[in-house]
Every structure is written in C-alpha cells, then in structure tokens.
C-alpha cells in the first residue's frame, strides 16, 4: 500500500536481477541484432516519466508506475536497450500545466533524460508539446486523449517530437458512434464532463452518429464540472428528457459515483442503452464491483481481456503476479511505451532524438494490446480496442467486458489532413 | 467672528430605544475652549462620533464653516479642519513617532499620494513633524516605535497626531484618561497654550471636573441626548437643574 | 540595515542574476525565471498583504487575467512582447479595479472570503468562456516574437535571451516596490494596517488607498502572469484557481511579512524546496507541509524576519 | 414536470443537508475559536477512510463504523489543537490559515501512504441501500436518511448550546473570550473541546459520506472545504442557524442551477457568496 516503499524495493530487486545477468558474463548474454554491430549508444537510456500522483486522480499515477516499472525491470533483466540499461525517474505531474512543463524541463535539462513519457491531462499535453520542440526530446503520451495534440501540434504545427501510444478521443466519440448506430436507440443524451474532453467527445459522437444513422436525435446535455460528487441534479436532467440512450465520458472516481447514483435513481431501468467510453478502466470496474449493472457498453484505451492472445494473457498473468492487480489501461500504455522506445532505439542504432523519431514513425509494435502502428503523419498509434457489454463472471470480483465488438482503428480514426469532412469517418474506403 | 465655526441643527440619533441625541441644537464659536460634560450615557461620545463622521445621524444638519458636512466622509471633514482624538489610545503602534505624526501632515499637505517619492524627501513635512514632536515634548523619541512609549506618552502622541492634521476645530475625548499627574499637567498646558494661540478651537469631553472648570471658557451639559446646560463654568456650577441631574451626584465637594 | 550595505547587496544580487543568465544551464535558467516571476507576484501581493494588512485569496484572478491578456494580445492583436505585457498588466489592473471596488469595503476574514468569491468567479468565467479562453485546454503555443525597436530587433526566443527580458522586469519591479515602500503612499498603507480608523481621522480616504493598493498588487500579479505565459508558452484557467492564490500567501509568510526582502527569499525557498523535495520523494506534499509547520512554529516572522531578529539579538549580546 | 421539480428539490435538500454536516463543525470552530480551519476537509476525509476501514477490515457493522471512525478523528483533532493550533491563536489570521493549510497537505499525503492513492468504491449500507419511488421516480433511501440526519444534528446542536450549561459556556466564550476567562472558564480546555467536537462533526459527515458519495479519494477533503466555506459565509461566519439555512440554499441552488441554468454552475454559488458578504455580512438569515 505504501507506494513509495514499494517503488524503492522494486528498483533494488531489478538491480539485483540485472547485476546477476551481467555477472553471467558476455559469453552468456551475447549481444545480438543490429545494435551489436554498431554500439553507438553510450551510457544508460534515461526515461523521464510523469503522471498524476497526488489528488483525487493519484490512483492513475500508481497504475502508470506499475506498467512502466515492470517494463523497465523486464527490459533491463533481458539486457537492456542495445546493451544499455534503462534508467527511469518518475515525477508527480499533478494536473497543472506549469508543473508538467517544469517536469519535462527538469528531466531533460537537469537529469539528462533521453526520452520522456506519461502525461494525463489534455491541457498538460497541449502545454508541454511546444516545449518538447524546444527541448528536442521524444515524448510518448500515454494517457492524455485530446485529438488536438496529434492533429494540431504534431501534424499542423510540426512538433515531431510528440507521439501518442494510447487511443485518442476517436475511440470515445467516433467508435462509440459506430457501436451506437446498430443499437435500437433513436434519441441520445449525455452527462459529460464540463471541460474540453467532454465537449469534444460528445460533438464527435453526435456528428459521426448523425452521419451513420440519419434521423437520430440528441435530446439533452448535462455538463458536470470537474470534481462533481453529486450527480443527482444531472441525472434528473437526463431522466426528464427520457432519451433511449445515454452517453457519458465521465471517468475515474466520478464515474463510480455517477453510476451508483444513477442506479439509485433507477436510471438503468428507464434508459436501456448506456455507453461509457472509459467505463472499462480497472479502477471503475473494481470500484463499482457488483454494483456495475449488466449490459452497459464500455470501452477504454485497452482492456486486459483483449486481445485474446498468448502474449497478452502471459503479460496480464505476469502483471498480476508482480503487483497483485489487473493491469489498467495506463499500465499497458506505460509498459508498451518502454518497448516502443527499445524497438525504436535499436532500430535507429541511436538514442538521439532525430533518429528515434525516424524509427518511431510508421513503426509497428507488438504489445499486450496487440499490434500498434505509429501513424507517420500525426504520430498517433493505431490499434484496436474493443467495445463491449458488461457481464458478470465467476472468475473476477467485478464486471468484465462480455460481448465484444471491434471496430478497426483505420475505420474511425480521423485521417490527415484533419480538415473537412473527408478527414472524418465514415470513410468510403 | 460672525458665523459660528460649527453649527448643529436639530440633530437626532437613537439606537433602538436609547436616544443619544434628541433634536440637538448647538453652535461653537471659534477660539472658545469648550467642554462637554454629562453623566455616563449622556451621549457625549456619540455626539463627537456624529460630528466627526464616525456615525451618521438619523436626522439634522451639521454645518462647519458655513458648509454642510452632514454626509461628508470622515477624511473630508478632517481636511476641512474638523478633527478628533480618541478615548482609548489610538496611535499607529508599529510605526515610529515621526511617522505617526507625518501621516496627517502628509494628508494636510496633499503629499500622501506620492508613489515614487520618499517620505524622507518631503522636507516641509519633515520640518513640521519635528516641530509638532517638539511641541508635545517627544522629539527625543522620534525614531522609536510608538509601542515603546508609556501609556501616558501614547496619549500625548495621540493629541499630537490630531494636531498634526492642522485642525481648526479639535475634539479631545477624555484627553487625560490614564495619565499620571505629570503627564496630565504637560498635556493641559499644551492645550491651554494652543488655545490661546488661537489657531485651534478645542472641544473637550471630560469626567474630571477640576480640569473642566479650570480650563474651559464654556461648558455644555448633556443629559440623555438633551442639552440641559450651556454657559461659562461659573454659570454651570450654579445652575440648579445641572446640579440636580449631574453635579449633585459627583461634585459634592 | 545600513544603507550602503543595502546597495552592496542589491548590486551583488543583480550581478549573481546576470551571472546565472550568462553562464548557467538551461534548467537553472528556467528555475531562476520561475523564482523571479513568483517574486514579482509575491512582492506585489505583499503591498496589499504585508503592508496594508489585507489577506486576499483571489489574486490568482489577476495573475490569470494578466496571463490571458498577454496571450490574447499576442494571438489576436500584435505579437510585440512588450506591448503584450503592457496589455496584460493593464487588463489585470482593470480587473483588480472592478473587483477591488467591491472588496475593499471589508477587512480581515470578510475581505479574504470576498476575494475568494470573486476570484472563483473569474476562474469559472475563464473556464466557461471557451471561445476566448480555450476552456480548460487554455491557450497554448504562444510565441515569443523578437522585440522590435524601430531599426533593430532583439530576439527573446531562446530561454537564455528571454531570461534577460524577465530579469529586466524583475529588477524594475523590485525597484518600484522598494520605492513604494518608502513613499508617502507606502507609509499611508502601513498606517492603515496599524490602525485604519486613525488613518481616516488623519484625513485620508482609507478605502481609496486600499483600492489603490489592491490595484497595484493586482497589476504586479498581472505582470507575473504575463511573463509566465511567455515562459511556459501557454495559459490555462487553473492559473486563476484559489489554490494558486495561496502561493503568494505562502511565499510571503515563509519569507516574512513585514520585510521587504521576505517575499524574495520566500520565492526562492518555495521553488527550490519543492524542486529538491521532489528529487528524493513522491510524497512532496508531506514534506512541504512539515516544512511549513516548522516555519510557522519556529520562524514566526518568516525566515527573513526571524533571521534579522536573531542577528540583532546576537549582535546586541556580542 | 411535477416529478422533475420534486426530484430537483429532493436532490437539492439532500445535498444541502450533507454539506451542513461538514459546515456545522466548521461554523462552530469559527464561531468560538475564530479560526477558519482549512484542515476541516481533512477531518471529513479521515472520517470517511476510517469508517470504511472499520467496515472493510474489522468487519464491523456500518453504524459501528460511523461511531468509531469519527472517534479516532477526535483524537487526531485533539493533538492538532493541543500541540499545534494552540500556539498560533495569538498570531494573526494568516498564520492560522497557513497552519491548517499545511495540515491539509500532510493529512492528504498520510492518507495516500496508508490507504493507497487509488479511489475506493465504497460498500452500500444494509437496510438503507434501496430506493423508494417518489412521484414516479426512484429516490435512494439513504438520501432520505441524510435529509433526516441534517435537522437532527441541528436540533442536537441547538439543544446543546441553548439548554446545557456547557453549551452556554461555549456561547459565552464565542461572544467574549476575555469575559469568559474572567468568570473562570478554562478557555484553553474549552477551545480544545470545541475543536475536537467540530472535528467529530466533520468526521461524522465523512463517515456518512461513504455510502452517500459512494467513493473515497485522497483530496476529497479539498472538494468539500470550499463549499463548506461558502456555506459558513452565507450563514454569517459563526452562526449555526445561518449555516443550516445556508447549506439548504446552496444545495437547492446547485440542484436548480444544474437543471435550469446549467452554464452558470459554480458561478452562481460564488455570486451568492459575494452578494451576502457585500450586503449582509452578518449572514443571509441574521436578524440584523
């Protein structure tokens, strides 16, 4: 339970493992691959990671940490990146933009980071992006979802240093619309966060669903400010409007609260189709436990039961063993980030920013979440995350994603040049 | 000497059922050292508070030097020359004596708004502050904080601050309360002298009848918001009505 | 302190700051800029807090107004940085004038609560007027254009260049605030803190002086916010949140309320301590809280005040 | 429409009564000690976490948890007053605020270290977990319970302050502490007592919040403290009656605001707060 103590111990353990590996000598751990021929990487690969570790969302930071630490341990135990160990430092990003900026500046200018990762809030991601251009280091965003980051900062303004490994708002807005078009609901309402994330996703959902299913109506909107603990007034607004479907990207603790209060008000008996784009987050599923109703549409940036591959199953098992937890989506994105760095550096034969960017652009990465491709134009990782219906399972003390629908990322991710209708789904081809 | 310095017309003030000024009519003449007396709760302090703008009256008019000041804010009355001291010590304890005195002088010279000039650069203000400190006998302590003074000296300073505002009419609310005899003599001597110089007209609220009758040229007696006596000290001493409600109880000796 | 010593210390301080600007690493530059910006905020704030004795919980509103002023001016009007900073300061001062007009009617806790309420209104406004402020995403990518002075133009794009831009405003602010402290106006503010009734009876309109102090401190807050926008190249509504208003309070109290250099020292402590604590623990709030406690319980006059008292005592004994 | 109005009202009243639980302790402490306690939200948070812990790990009944959790917080409150706060009473207002602010940081971090950073979904209360249909829409029984508890606490406080001898002492000390000391009241002990009692009220609010909010998070204290400040201010800084009505007004305002003028949300609350401070600083409901 003590986050700090846990972390320190783990680093010691990781150190012992790698020490043991190197003690076996070069005869056993023989370097292979591209980097063996060109050992142009000097010194350890230093990764600066920041996530929110204080305040109401601190739990997300812990999940980030688990994934990142585990990846570092595994990579170092297996010989590191191009023979060099990863060194990682984690800092509290809070939710304030100036803190995020100070962190990246500290990582690069003081600590000497080669690569950066993390960032939870969209505001922070947008604030940090221009700084990354100035500092000239690669930043892999593992949680912030705003499409503006990749569409505007990377694609339009040309901040090539920024990449994103998690799904953006397309998953929450566009993909939800693809699922909703096949549901028998003709009127939709929302309780969404009263900030950009809430506004954009709802607009995206409305726009895309409107195109996919002409005649569908959007009857009510209720905007919940950040930090809402009492959703009853919002629930009243929605129930007064009597929609057939409810859409909500309220997330984390607030989603737990909202679901409980909606259940008390009998909302799920009146509204049959409920879509929660970030409902498949582990903190939400575990926090709600049996109180999560069945047959709610949920999704996320990754769900630990998808894809049904040996690689994913093995990882989830290792993760469970290591942390006594199922991996949250930020754990997966943090974990895969380290492997993306590894693959890119080894391909580039360098940890310099320029070559690493080149290597990352268009790179394929196999991770627990399946195959990702970093789209060259906007540096957005393309990968599939399912939408599914909640269902009880004897194997888990919480509801899981039952019936799953996978909409391929290329069908609903906005496309370059991110202008006009042609850039938005549905696409002809 | 034609128009009175201060004129009060039909002034009324009540707090709930307690009437502290009941259709008061008064006029104060320049140069006449006046005392206001009355038993506790007679409305002396309230009257000063109303006249100096601390409390608004319920009705009535206050005319100072032919100018209606009934609804003027405090600072503007002070600038016109209507000033007061307080019953309890009311100085700037954290500031030096020199600064204490400088503040009303800066106000009087209209030099208090300077953002980028320095206080020490205001030569005229500095000189005047030193003159007043000398006058009240505290020039030696000019650079000490007021909190370092004895209680009596703080009262003296209080009067000094009031004087520094260049008043034409100065209300002193129990100026000698809490002073030892030496300090008392010093302050009274000061008042007498200043009054004789004629620049400041004093109105004193006092309990000590020795002071009242030895110092003042005119005595006003208040009782429950009414003026029940007004005249030279001898006349007041002799007034049977005043003796009955007031003097009878206290100045038997 | 002796006057010549003050000059020597000030000269030394400026020399050190110039030295940092010329020779130190980019991160030290950045931190020093943060310290200077926070100092401007806190020293300006202290005109109201330490000097006039009014505890405001809403100064983040002016910080943010200055910040948005600079950002909007750069984006929509003209990218000249000096012009933008001036626009930001004016915007903050006007905002302070409007809010101050209502707030100076009260003192103490009522004043504090009133400023809190108005500050949060501004926060809410900035959050909700998305078309102008960009909502919670804020405005980002604000570019530092070169300062054009007719024929020549001075670039401030790099941190090492922008540093001197900040340093210039910092030195000017310190001088101005120092000067205000010794001015008749400053003395009147101190007299209001000591005894506002007496001040009124000294012939001075207390509320008007309070309002003036409020506006001046608000303008400095706006300057700080504006400089921060160029440093971070973005602004979000969180800049107006009440928790940001707590920063200058903490800084002033840490350094020492009634001393001129208190907020300066407090700013250094605030930024450097936080940075150092974060290097060895993720539980920085715990340590920061404990240090605050130690300062309140052990150094009641703030670091500067207590040290000065200590020096004085030891010199008297010695 | 009737259904809608009824439920908007109900939501507002239960929210108001809920805030009242927290604001009552804050008001009491301010009224007597003249200290605005930022850490009051931390007591609320501690009350919630402790109650949850008793429920979850000691396996006690919810009601026992509601009893025990706040009692532990009383001990915390005792130490805070006795060894920290007492030393800053002679200092100015900002120092008191700063001290309680420092405590907020410390408590937040301690909670994170003890219970972990993640938010915890809380269990339901047996017996009060269902809903009843009011005007054709379900309303949780637990909220009805909160609506009942609010006035009960108010009544208890009123009885204590008006009818009991030590209540009268508290009132005497609130109006004039020198006078109280002069007539032989042990003011320091009284202060400790009031502070501990205020802490208990806040922790009780926290314990009852466990099923009400349905979630425990570090930082839950900050979310509620500003709202409680607003209530205390609207009530007239130190008036319990005012705070009670103020809480009701804020609850209803938020509920109606969300339903009918959603763009304004917290803007409304702070406008009301400023208006009260400007025109009726003695409190919205004070007889002038």
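Every chain is named by a letter (A, B, C and D) in the order it is written, and numbering of its residues begins at 1.
Everything that follows uses one rule, which is that a residue touches a chain if its C-beta (ideal position, glycine included) is under 8 Å from a C-beta of that chain, and two chains touch if they have at least 3 such contacts.
Since the model is a prediction, treat every value here as computed from it, not as a measurement.
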Chain groups still in contact once subunit C is set aside, others held in place: A, D | B
{"item": "Steps needed, at fewest, to go from subunit A to subunit C via touching chains", "value": "1"}
{"item": "Chain pair showing more contacts of the two, A-D and C-D", "value": "A-D"}
{"item": "Farthest chain relative to subunit D (centres taken as mean CA coordinates)", "value": "B"}
{"item": "Distance from the mean Cα position of subunit D to that of subunit A, given in whole angstrom", "value": "37"}
{"item": "Distance between chain centroids, defined by C-alpha means - subunit B, subunit D (Å)", "value": "49"}
{"item": "Chain centre separation in whole Å, for subunit D relative to subunit C (CA means)", "value": "33"}
{"item": "Distance between chain centroids, defined by C-alpha means - subunit A, subunit B (Å)", "value": "75"}
{"item": "Sequence positions of subunit A contacting 2 or more other chains", "value": "3-4, 53-54, 194"}
{"item": "Shared-contact residues (touching 2 or more other chains) in subunit D", "value": "108-109, 112-113, 265-266"}
{"item": "Subunit C, residues touching no fewer than two other chains", "value": "128, 283, 285"}
{"item": "Touching chain combinations (by label order)", "value": "A-C, A-D, B-C, C-D"}
{"item": "Residues on subunit C engaged by subunit D in the complex (per definition of touch)", "value": "49, 55, 102, 105-106, 108-110, 112-114, 116-118, 120-121, 124-125, 128, 242, 246, 249-250, 253, 257, 283, 285-286, 288-290, 292-293, 296-297, 300"}
{"item": "Contact set on subunit B toward subunit C in their complex", "value": "52, 73-76, 78-79, 83-84, 86, 90-95, 99, 102-104, 106-108, 111-120, 122, 125, 161-162, 164-165"}
{"item": "Of subunit C, residues touching subunit A in the complex", "value": "25-27, 30, 34, 127-128, 130, 134-138, 140-141, 159, 228, 232-236, 238, 275, 278, 281-285"}
{"item": "In the complex, subunit C residues that touch subunit B", "value": "176, 179-180, 182-188, 190-191, 193-195, 197-206, 216"}
{"item": "Touching residues on subunit D, where the partner in the complex is subunit A", "value": "3-4, 7-8, 11-12, 14-15, 18, 108-109, 112-121, 124, 131, 133, 137-140, 142-143, 213-215, 217-220, 222-224, 254-259, 262, 265-266"}
